[in-house]
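Shared chain: subunit A. Partners: subunit B in the first complex, subunit C in the second.
This part shows the complex of A and B:
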């Protein structure tokens, strides 16, 4: 190696050592998150991650495409549209509670609500809308709430997920909480979400093929053929947490809302494609 | 890291070498009591509500094994000392804090006796 090259190398190394590391924030996290999967699965086009395990499993994908020809969530979308357009007893409407009359806004949820100082998911926003109009809130596992969410997801198909962490320390704290939850080992089996959906994405756990977390929240609610019904994202997460033999939190707990905030931010830029169909 | 494990020709070559060098060594005796212990070790390793080791490891004639962890074979060569094998199952996080392998003993998933039986069984593979 010639002298000038060695010298330049030394300078570069010195410069690198002195450089102040870039402030790691949500955007840096997201880039690293995506880059991990793009490197692991170089043949999978970025947008395909919105299809969950079907991005990684050719055989399962073909079966899924057949199911999608007669979408099992269609009924929920129709029910949701009907419910959404019904006026409340006081004459108010769901449309009044959302930007753009609630059409094509799903991709912006969950969002940090500065008034409430917390993360508001779409399901929570729907219930807030009901109580503000003098109606009882729906149970989070009720078919009505899931249908409303399915309809709103449907109107957002093809929009890019666009969750923001505004410049508010409480928003960043909520994001960081969700991130910590995601990477923490829990339960008797001692698994973190990332163990299965990052480190081991693409591997098999007995007959289960593990999907990448990138794209996880793009397509909820989901019709699960195993259960024969539609379920919410939080109910899915509840299942994974129960499976690691940890104490699950209830749907819409602050823990799951913050987790959804982090998880959805990681999927920013992917197409919203809910509702979905899964095994 | 999480590169999925697959049986490769390297594993098979290693296995063959082992078989050739230890062919004469002789395996666990065929007396009924120790056969029964090996059989219960196998059951414990395979049962979903016990070790469920097949979730992550291929071994023996287990069906639909996962591939999160390496295949469990040639265990005597990998773990000449049974105590080290016991420790790996008791608490894999001691060796690798980020491991995906659950700490079976430390978290009370399996009892000492159950792990002991699994160790004996694995050593026979």
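This part shows the complex of A and C:
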């Protein structure tokens, strides 16, 4: 090879290296995400992030522990168990739609479904199960669907969150979309999720103490005493997006499912501890 | 005052006047007289900007309501209110589109590494 050609080749290789942004994979992302919070809050044990703001706020934690003595989500868990064990009109059961009869599988959701080519959340899987058995799907904010999700969360308590991004370009693309959504500023107030739940985690905004995103999806659905009812993760996200004065997406939109995929992957390894109770 | 000095003074006054007006002009409703045609055209522009932002998942919370209110005022012949609302909606739509354009790269700098 003549010298100028070698030199040109070298330049081309260099240019290509610069042009490809160092695209970190999900596992590198997760390690960096955890490390950020562990460094910021060296006294907080890793598993405590599953408790949201109560990991970072001693006083609030004491109040919360009192609430947890008579859990306000207990009713939803019981209702969910009853609904879950009822057979459909065609004789089918929810248990038939899930691995291990639907017991202790919550920690594996959301999943990338290769047949559908998209992210399937637990709520979506429950509705798919209903329509496959000739039933009408539930509204995503219905007390029935939230109760079913509360029951399934209950059976997974203590399991480690274990969301996987399989080696499928569509799965990786969904994960990347969720990641982009999470870090993008939006709305009239021009905030990204990360502005509040990473950069400002542990600080106060007006009357609110900001939690870390690490551990956000471990405990849904959540009973909110402010609202006097159980809400889904997507409903909570909806609220945060409206608060920055952006137009929210509907629950179970592809945007929120991909976001949940990314967010839950970040919490892999933390204990599932739903349902939860929050202010 | 000599004619030259007077010309220089007028020049200053004019420049200061322009400087004072320029930054706020964009936010004000178009100058009177308001004709219904230009108001409804403005509403259409606002709706187009809103849609463009929505197409990028970047629509702001109130823009749709502003446009709806502008249409209601226009239907009742309240052109001034309609024009002011349409102007605000248009500005929001344009800012949301600009935000989405900025964020198409800017988000990467926030990723925890």
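The rule we apply is simple: the second predicted complex is superposed on the first by the 256 of 279 C-alpha atoms of A that agree within 3 Å, B and C clash if a C-alpha of one lies under 4 Å from a C-alpha of the other, contacts with A are read in each partner's own complex, and residues count from 1 in each chain.
The rule is short, and it goes like this: a residue touches a chain if its C-beta (ideal position, glycine included) is under 8 Å from a C-beta of that chain, and two chains touch if they have at least 3 such contacts.
This is a predicted model, so every value here is computed, not measured.
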Counting only touches as set out at the top, which of subunit B and subunit C does A:184 meet: first, second, both, neither?
-> second
Is A:29 contacted by the first partner subunit B, the second partner subunit C, both or neither?
-> second
Winner by number of subunit A residues touched, once subunit B and subunit C are compared = C
Answer with first, second, both or neither: which of subunit B and subunit C does A:242 touch in the superposed model?
-> second
Of the two partner chains, subunit B (first) and subunit C (second), which one does A:207 touch, if any: first, second, both, or neither?
-> first
Touching subunit B and also subunit C: which subunit A residues?
-> 188, 190, 195, 198
Touching residues (chain side subunit A, partner subunit C) in the complex = 21, 24, 29, 32-33, 36, 179-181, 183-188, 190, 192, 194-195, 198, 242, 245-249, 255
Using the touch rule from the top, collect the residues of subunit B that touch subunit A in their complex.
-> 1-2, 4, 52, 54-56, 64-68, 93, 98, 100, 102-103, 107-109
Considering the complex alone, what residue numbers of subunit C touch subunit A?
-> 54, 57-64, 92, 99, 102-103, 106-108, 110-113
Of all residues in subunit A, those that touch subunit B in their complex = 188-191, 195-196, 198-208
